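My questions all concern the structure below.
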Amino acid sequence: MIQRLSLAMIVTLACLAACGSAGWAQSSPTKTAEEEDVERIGDLVLANHILADQGILDGFGHVSVRSAKNPNHYFISRSRAPALVSAADIMEYDFDDHPVDPRGRSSYLERFIHSEIYKVRPDVQAVVHSHSPAIIPFGVSDVPLKPISHMGGFLIREVPGFDIREAGGNETDMLIRNKELGAALATKLGNGTVVLMRGHGDAVVGQSIKHAVLHAIYAEFNARIEADALRLGGKVIFLNEVEARKVGAVNDTAVDRPWEIWKNQALSRSQSR
Amino acid sequence: MIQRLSLAMIVTLACLAACGSAGWAQSSPTKTAEEEDVERIGDLVLANHILADQGILDGFGHVSVRSAKNPNHYFISRSRAPALVSAADIMEYDFDDHPVDPRGRSSYLERFIHSEIYKVRPDVQAVVHSHSPAIIPFGVSDVPLKPISHMGGFLIREVPGFDIREAGGNETDMLIRNKELGAALATKLGNGTVVLMRGHGDAVVGQSIKHAVLHAIYAEFNARIEADALRLGGKVIFLNEVEARKVGAVNDTAVDRPWEIWKNQALSRSQSR
Amino acid sequence: MIQRLSLAMIVTLACLAACGSAGWAQSSPTKTAEEEDVERIGDLVLANHILADQGILDGFGHVSVRSAKNPNHYFISRSRAPALVSAADIMEYDFDDHPVDPRGRSSYLERFIHSEIYKVRPDVQAVVHSHSPAIIPFGVSDVPLKPISHMGGFLIREVPGFDIREAGGNETDMLIRNKELGAALATKLGNGTVVLMRGHGDAVVGQSIKHAVLHAIYAEFNARIEADALRLGGKVIFLNEVEARKVGAVNDTAVDRPWEIWKNQALSRSQSR
Amino acid sequence: MIQRLSLAMIVTLACLAACGSAGWAQSSPTKTAEEEDVERIGDLVLANHILADQGILDGFGHVSVRSAKNPNHYFISRSRAPALVSAADIMEYDFDDHPVDPRGRSSYLERFIHSEIYKVRPDVQAVVHSHSPAIIPFGVSDVPLKPISHMGGFLIREVPGFDIREAGGNETDMLIRNKELGAALATKLGNGTVVLMRGHGDAVVGQSIKHAVLHAIYAEFNARIEADALRLGGKVIFLNEVEARKVGAVNDTAVDRPWEIWKNQALSRSQSR
């Protein structure tokens, strides 16, 4: 109950400053970087709950946001199931993935995914790593994941697939457990929005935490639709590159609409106690 | 909580006049057009919640109803996730898709779907536009959607597929964002009940808002059953045209039965707060 | 709330007499037929809620029970969505399908399914008619539904498929809307437990209402497992006839175990208000 | 409500001693075997609720834990639907499957699965027997279940399939209803973590009850992903043996993370009353 209250309070506080803005690019010029980081942490807690509620994250996976005050730092939860994350769980890390103020809290093993993407992609403000269930089949198959629903427009052209054997050899434990593997994954992502991880899941990025959540949820949606369309057995038409790029841009401007209902659903169905 | 109360109050008020009637065709001759519109707005709010609760609408998609007082006007929510719509969100538009009384409320980008269908189909009183997940695969495939469940009887003969490239060329953003595209979609719908939109979803109509909801939910149901039947790998039998037309008509007369439980489910699981 | 209370009260009253008994065959010899019918009506209300909660019934479909006092009569709800049925909705019918005491309550169009099965199957005490979603594909396909899970043991040998065209010709509305069609369906069922209805659903029987519910839920389960096993693309092994018959009999003796949790789930998730 | 309170109380008491430990191997050296058994019973009650909440168990199936005080005894519920099990339902059995203190409580027919595995696998502290729905298709097919998600790393090499006809002949009732069948199943399991049971389900083991739950949930997950990947129709890459073994070991060390959220979900959605 204490956690539920604190979650609601954070949301309220964050809303006083931010509700109605479509992303941080549009935020008030009078907001300080410190105020911006308070807002980002509030959204990060919500993103954990939303992605769990929407079936993208289960007991594993994680989501992070870059610090506005120090763009070479990022915020992410201590090692905990996303549906249970509260503000007290959020830790700040530098790009060597050391926590600024650990206070005995344990770290996610695969936090290198986040730092290495932030390093090479200054446009990226948030990263989701998940075991998104409709995505994994595309990561182990040579059937490419492509935009088939206009909500998957951001999946422009083929989504790259990362096989850890290319960077780590044949005897890894499949996890991105060091800087080298994180850097190889970031290289594979390139300028894309989603990179598939063979036998594991994916990493999804956004220009804000709301956008990373939007992309993670609709990557899963597009994957499910594509699998279902292929199973019908007929000829299938995908979006062309112009269509995908244009509608991807439009959807990004509309992120506040689904965010509002996802937030309501996550809060009303929360298992925090 | 305020929204939940107002939703319940609208339902109660609407019920005083309308509960038990199977559709507007049967409504009392002494009801004024103004009273009828109050009732339609109450049903429209409910339809938003029902279609979200049943998985037809997510953060996107919309549902509208024609005005009884001015049949060249229609009611639809401001740009908002359907599960959160309350009576205060409902706006009235003319057939040029201008809001009568915007009061700063933003409009759905694709409202042209609604006006253009109302223009050419005087029998249609309500329109649903959705990203219905089992429908999208049929919209990108050459496998036709046909009545395979008797609840999909209204899908008589083949359901037309609209490819935006025919009307808008190869470089659209996939959206029905103007009158020309809306008119092309309405033409493709013809006298049908459902028109598929390639890589996007569908538009579904009804002789009342309850019927549009009935058709949207059972179009999704029929699509799922058809995909599952085709995957069994054997020979598949569809309804013939007489069977489909007859049972479609019978089901339309029974719309109050599922509406009652859908309403209860949507209200009891509402995420409005 | 009044309905929810009355549902709980009926359950409590029925439990005083019946909880712990595996079926009516085991019920106390001192129970009168009137007491037995009170118990059956309590179970019938619960069965409506359980089958809706388990996804076997939606706004349509119905379940009935034979009268203990007058075995040529049966109890079934007035025409209403099963999840909303309370004791006040239960009506008694004779085998001509006339209600004994209608009090203005409307009847299910397809109640002939029930009477015609009771007539020719004295062992049957309860009948479920549903649009069970994993069952419909088998009803339109030449791929037979067979016991593949031991919980589907009651599906001994092939389950017969009823095509309404055999009895009603090519121009029906697909519904069992008279005695002749009901009788043809009952004949097709024969001594079986499930009969598939092409493009429609199925009818499922039991030696008690608990058993009819058990069979309806696990027919759906078995159909889903069979479809999933066939889709794997390998060689598939079904239960042989002895295995199916023996485990079907064992499962029937264990019906109180799942009934207890189904009842709890239906009551705790009820949308009655 | 009384049951719900007692469930919460058991959890609290167990937590005082154990929360935060990843498994019994790490538990305090000062804990007595009696205290350890109290803790195990608390976890066993939770495991019943978690496995039901996660869709691994329905009205059937069961989970057991070895006694710490007497390693030739095990704890398991009386014959009851897992979602309803409370501490008062837990019974202690010897390896002849006789209850130590029955007090009129009835036993699961298939408890021999548990004792026979404990006998030959001293490393095993907990056993789950379920009708896990995505697992059954692999049990009736010649398509092998293999690690395709890194969360299924514990499924190293092929998972053995047990066909009861090998041990019991062609005329069984499919159930493991005696010591001989239990022993044959345990032999087939060998040193594995999961053994498929043809037309029935599986048995899954762990070095603690939390690990058996982890393995049961991710065996189902891996089976679903594998089926979906195969249906895409392309070439599919599985984990190699080193990858599977290494990540399986890592996941086992992280069991407390998903356990925390599964516990919260099971308690907040409990149908006990």
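All chains are identified by letter, namely A, B, C and D, in their written order; residue positions are counted from 1 within each chain.
One rule holds for everything that comes next: a residue touches a chain if its C-beta (ideal position, glycine included) is under 8 Å from a C-beta of that chain, and two chains touch if they have at least 3 such contacts.
Because the structure is a prediction, the values reported are computed rather than measured.
Enquirer: Go through the assembly and pull out the chains touching chain B as well as chain C.
Expert: Neighbours common to chain B and chain C are absent.
Enquirer: So chain A and chain D are the same sequence; what rotation in degrees superposes their CA atoms, nearest 5?
Expert: 90
Enquirer: Indicate the whole-number Å distance between the mean C-alpha point of chain C and the mean C-alpha point of chain D.
Expert: Distance between chain centres, rounded to whole Å: 32 Å.
Enquirer: Distance from the CA centroid of chain B to that of chain D, rounded to the nearest Å?
Expert: Computed from C-alpha means, the inter-chain centre distance equals 46 Å.
Enquirer: Which residues of chain C are in contact with two or more other chains?
Expert: In chain C, the residues touching two or more other chains are 231.
Enquirer: Please give the residue numbers of chain C that touch chain B in the complex, ascending.
Expert: 52, 58-60, 79-84, 109, 131, 133-134, 136-138, 140-143, 163, 170-175, 198-200, 227, 230-231, 271-273
Enquirer: Once bound in the complex, which stretches of chain B touch chain C?
Expert: That would be residues 147-151, 153, 221, 224-225, 228-229, 231-240, 242-243, 246-247, 249-250, 254, 257-262, 264-265, 267-269 of chain B.
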